[in-house]
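Take this structure, written in structure tokens, and hold onto it; I'll ask about it next.
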Amino acid sequence: MTRSDGREAFDLRRVKIVRNYLKYAEGSVLVEFGDTKVICAASVEERVPFFLKGTGEGWVTAEYSLMPRSTQVRNVREVAKGKPSGRTHEIQRLIGRALRSVTNLKALGERTVTVDCDVVQADGGTRTASITGAFVALVDAVNTFYAPETTFPVTDFLAAVSVGVVDGEVLLDLCYEEDSRALVDLNLVMTGEGHFVEVQGTGEKAPFSREQLKDMLAAGEKGVAELIDYQKDVLGQLAWRIGRA
Amino acid sequence: MTRSDGREAFDLRRVKIVRNYLKYAEGSVLVEFGDTKVICAASVEERVPFFLKGTGEGWVTAEYSLMPRSTQVRNVREVAKGKPSGRTHEIQRLIGRALRSVTNLKALGERTVTVDCDVVQADGGTRTASITGAFVALVDAVNTFYAPETTFPVTDFLAAVSVGVVDGEVLLDLCYEEDSRALVDLNLVMTGEGHFVEVQGTGEKAPFSREQLKDMLAAGEKGVAELIDYQKDVLGQLAWRIGRA
Amino acid sequence: MTRSDGREAFDLRRVKIVRNYLKYAEGSVLVEFGDTKVICAASVEERVPFFLKGTGEGWVTAEYSLMPRSTQVRNVREVAKGKPSGRTHEIQRLIGRALRSVTNLKALGERTVTVDCDVVQADGGTRTASITGAFVALVDAVNTFYAPETTFPVTDFLAAVSVGVVDGEVLLDLCYEEDSRALVDLNLVMTGEGHFVEVQGTGEKAPFSREQLKDMLAAGEKGVAELIDYQKDVLGQLAWRIGRA
Amino acid sequence: MTRSDGREAFDLRRVKIVRNYLKYAEGSVLVEFGDTKVICAASVEERVPFFLKGTGEGWVTAEYSLMPRSTQVRNVREVAKGKPSGRTHEIQRLIGRALRSVTNLKALGERTVTVDCDVVQADGGTRTASITGAFVALVDAVNTFYAPETTFPVTDFLAAVSVGVVDGEVLLDLCYEEDSRALVDLNLVMTGEGHFVEVQGTGEKAPFSREQLKDMLAAGEKGVAELIDYQKDVLGQLAWRIGRA
Amino acid sequence: MTRSDGREAFDLRRVKIVRNYLKYAEGSVLVEFGDTKVICAASVEERVPFFLKGTGEGWVTAEYSLMPRSTQVRNVREVAKGKPSGRTHEIQRLIGRALRSVTNLKALGERTVTVDCDVVQADGGTRTASITGAFVALVDAVNTFYAPETTFPVTDFLAAVSVGVVDGEVLLDLCYEEDSRALVDLNLVMTGEGHFVEVQGTGEKAPFSREQLKDMLAAGEKGVAELIDYQKDVLGQLAWRIGRA
Amino acid sequence: MTRSDGREAFDLRRVKIVRNYLKYAEGSVLVEFGDTKVICAASVEERVPFFLKGTGEGWVTAEYSLMPRSTQVRNVREVAKGKPSGRTHEIQRLIGRALRSVTNLKALGERTVTVDCDVVQADGGTRTASITGAFVALVDAVNTFYAPETTFPVTDFLAAVSVGVVDGEVLLDLCYEEDSRALVDLNLVMTGEGHFVEVQGTGEKAPFSREQLKDMLAAGEKGVAELIDYQKDVLGQLAWRIGRA
């Protein structure tokens, strides 16, 4: 099967990460997965949440938001509803957990890095694009206060991709149109070491078999590996600091 | 390794499901996984959400709440904070998706079944106990309006269990103390057919390998199969209606 | 007149108080007035509200909530509405005031006892059952930190009952069906000494005379005396500490 | 004992009710109980709450608010806190119930009368002043749509007063300073017939005896009777319509 | 053109400012612009917002609210909506800025003066009446803690007036009926020196020319000058302190 | 005086408007005033607010938001605070009024155009850039449903600019650093005809004279004229439709 945009089943969309997209943020990127575009801004603050005060450890957290007209039909701002939706909560908790899994919070010191992922255009895969871009913004932000000869607080690469079963076939990196037809939907977050940080598969419309899970994991592993290669290109020299003790 | 309560690594805790626990609800159970206790109440209403009006289809949704002193330290009521937490959102969305995956919404007709999962005591696994109990309450609720010779709206059994990696070993159905020491945490929701509805694995504290994922899936499959056997016992005759076209 | 459940006009429903109902709370009971069931959990915290800091005095407060399907028709969770209803506010303020009326806040020390009253099933009299059960939970909670030879912080027994005028007759301890037909509704909170802590009578549907008030007070006094006798049985030895200076 | 303002124990403060205080409201008064001043505005709307649609019956409801500097220390606006306090809820529910107890909702027709009680200055007794003033505003509002020869929707007079036990003595109509010293506090709402609509007595600081209750009721009955006499003066001719079938 | 109430185009309505309108507030007035009536209460608190702590400077802020039946049709309380409307926000920010423009925050010391403007009756010009009255309340409040021989914290007089273009003619101090017909609406806040503090002109229904702006400014300047003359009368001796270094 | 970025006092910053910036919105631009960058997305919906139903008229409204790291220091998302700030309210009301002033709501038909202005980077003048960009997005959006030979619903050009008094000198189009030093701040919204839609001048830190107002208006008029020339370039052919009856 060839896909609507000409891709093969296990192809990623065109990926682009523009570093230093914003003037004020310590780290910021514009990340694009095809027509999905997200601005990721990492802010460093010299404070930590209550439960970490005095421990010498830092924190990494994330927030996520769809711009009202990032979607086909305008979506009402969450502030107008008074609170974030359940979907927003889920995604920003996922991004935060994923970033923390490759952060040495001790090496971070008593700082908080908040990564804001604001979706400018949503064509499927906004959470996976956000994680992939947020990682690069995090590296840039951490680098602003990194002192040579110390442990670099980012311990490994991190990227994410979606996989789905559409018309009985496993497809990598679904666009919105494919996503809305998918019976099964799996999001994978993985490290440069090839380990899993998050595996979130859901078969609300059709439960899936052990075999299908295996195929989806294989497709996702291929996609994440390519994304991490691209992150290395984009980060250039800075890539060498990651995982450096 | 023997566990704090004497269980083997792949043992479930003592499970108990009491049907008809409440006087007014169309379906209700008290479900216990060891010291974790949840009241699941299924309510049938002759209305559907806006997006289903006139389609002839119904809806299944869930709400989840911790009672203030279900936990070791009293937790503030969410109403006092004005909104549910991100964790609550995530769990109630998960329960709702899981129940819908085994419901024939067409056969339900234009009705909404809301399953309230109120946690009386929380000793780990509240979301998996909720799903396992909510399924039984749903069956009882659906049965109140089921007309013989028609398609029974529940299409398969459904249960959930947690698995984790603690001290390097894969353990099934974690209690709170184990859960807080686990580096990896996987929640599995599966059907009577042995298919996956949700696979949610997270390795925030330590990414996990493909091999570990395989072991955890195996443990989870065993646990779910036992839970579904127990549901069949508890439902008795009614079990025969499930999946009956 | 014999009542729907066979009781005489001045009879209480079957009352049951199960102590230590929860694993974590300092004090907890399941209280039943007929089919009305409430879980009362008393939590002790080593802090006081702002206005008591440094005074050496403690505080007792209460929260009240109906579980969504405690009622005949499912009621929307208050968190979904963003705030407690007026009725909830009134009841939890009433429970808190009542408990404080028999607490020596000086003897309590700078601690807060919060009693959560979560209604599992509502068949009339949820506020009076809550007060009657919360008192026992409070005694158990206070006992966890009581040091021999000091003043026990609970100064007297406390129970509550409802009285109403139904079809022209004064009835004690109304169930839901009677309550909805009552023209006059009186809630009485009284102490072991036989004194009034709260008298709340309302004749929205029909103002009541001085004579009717007298009869209702007499019925209520009888009911409260019986409830306090039962509390003494349930508390056993611990009952002797109450009011002990 | 003579009181701080020279009154005897069973004396009311100087009471004043100014009708037609506002230009737009269907009924409006400024009511003063000594230094306590409340603007009561009754608005008539040609709609009813959901549960009354199509029944031919109307509704009467009330809202209550303290102006920020009605009190000795500025109190934060409730809108700034996002929701009314428990105290506000209790008081506005009380006022609404009290007004409905003397309204023939059938004769009202499918209309809602909302009486807003905004406290300009608070020197004790704001809820009793509000009820006493709101009643007059209600009569004026109802009169704007009253058709001769039909049943006048207000069935009886209504007024309210507070009573308390201060330094062991029963006092009528407490000002703020007395109220803050009172051990027992009773609010009475009564009709022109001398019947009770609400009896709300609370002895949080000191439970009270049957004897004290009797004395407080006697003082309150005297106070309400005087207030109703004054309402009759103020309403003039219109007083004759009340209770007219 | 003569106006509905007989005024000439550049005439103010009858203005009245009653000082010491409330018993507890440090400064308070009832201000009337024709049928528009606003209670302005200035409260002094010995604290400052976070950003001023330790600077030795004080703060002046304002809040604004319409009483529910100040308007022709009852408006829903903002607390019932959970938050102030955009219009309320705009007006209270405007009043605060205006008052601060004539306050020497250094001379105020670390104090906050909050001026509450509660509109009792709204017949056009509520924001301009609020500013004009709030100024007088501010002067009275500041005077309660003013020490002789120090700099008086109020540096100049301040008043505000509205101007509009109605039926092609520039009119001063619009009442509600004129305001609703105006194509252009200008609010002016000016000082005793004749300087502008705020110029807010809006031509949503019809953009206006440079010439019209000039005419409106002239009318507004005349109106403000008259209001300030009246403020001087009302303040009497106290007027001499204003601007005194 | 030469300015920090080398501009003369009456120079605009470099202005750039990119049309069709988003894939889904009916009209969308990225507008830049120097380092200030705003995404303006115009959405057309076939519905109108309640008060316009059945009138045949349409509506234009706007929403405004700062992205969290558009500013030097990260600002907390408004959804996290539960409601938009007063500043946000003011700005979005201003944008909406300004756009409506050049829209023929009758010619729009029963449609709502919502223009979302999301600030990506904030270096002063975000509200004036928003209005200037939102106008272009509005024209594009309106053009998607414009039928030849009918009245084009946009009646005139519209742009906005800020002017301030900094160090005693009138400066056009302030950047953030200048804005924070300005004693007087004026925002002007004007039409292609050279008429005023909004004049908002505030001298919180220093009231301003009639002479200064005249100078600021002159600078603003020059700036708006240049912005409208640029809008004409950017709109090309489409510019000819504006104001076409």
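All chains are identified by letter, namely A, B, C, D, E and F, in their written order; residue positions are counted from 1 within each chain.
Here is the rule we use: a contact is a pair of C-beta atoms (placed from the backbone, for glycine too) under 8 Å apart; a residue touches a chain by one contact, two chains touch by 3 or more.
Just so we're on the same page, UniProt names per chain: A, B, C, D, E, F = Ribonuclease PH.
All of these numbers come straight from a predicted model, not from anything done at the bench.
Asks: What are the chains that chain B and chain D both touch?
Replies: Common neighbours, chain B/chain D: C.
Asks: Going only through chains that touch each other, how many steps at minimum separate chain C from chain E?
Replies: 2
Asks: Measuring between Cα centroids, which chain is at the maximum distance from chain E?
Replies: Between chain E and every other chain, the largest centroid distance is to B.
Asks: Superimpose the Cα trace of chain D on the Cα trace of chain F, which carries the same sequence, then give the rotation angle to the nearest 5°.
Replies: 120
Asks: If you list every residue number at the chain A and chain F contact, are more than half found on both copies (same) or fewer than half (different)?
Replies: Counting shared over all numbers used gives more than one half: same.
Asks: Hey, how far is the Cα centre of chain A from the one of chain C, in Å?
Replies: Those two chain centres are 52 Å apart.
Asks: Please compute the C-alpha centroid of chain E, do the same for chain F, then give the distance between them in whole Å.
Replies: 28
Asks: So how far apart, in whole Å, are chain D and chain E when each is placed at the average of its C-alpha atoms?
Replies: Using C-alpha averages as centres, the distance is 34 Å.
Asks: Which residue numbers or ranges of chain F touch two or more of the other chains?
Replies: 82-84
Asks: Should the pattern of chain-chain touching be classed as line, ring, star, complete or other?
Replies: Ring.
Asks: Moving around the ring in the sense set by going from chain C to chain D, list every chain once.
Replies: One full turn from chain C through chain D gives C, D, E, F, A, B.
Asks: Could you pull out which chain B residues touch chain A in their complex?
Replies: Those residues of chain B that touch chain A are 82-87, 89-90, 92-93, 97-98, 100-101, 156, 186, 190-191, 193, 195-210, 213, 217.
Asks: Can you tell me which positions in chain D touch chain E when the two form their complex?
Replies: Its residues touching chain E are 22-25, 28, 35, 39, 41, 43, 45, 63, 65, 67-72, 74, 77-80, 82-84, 114, 116, 118, 120-121, 123.
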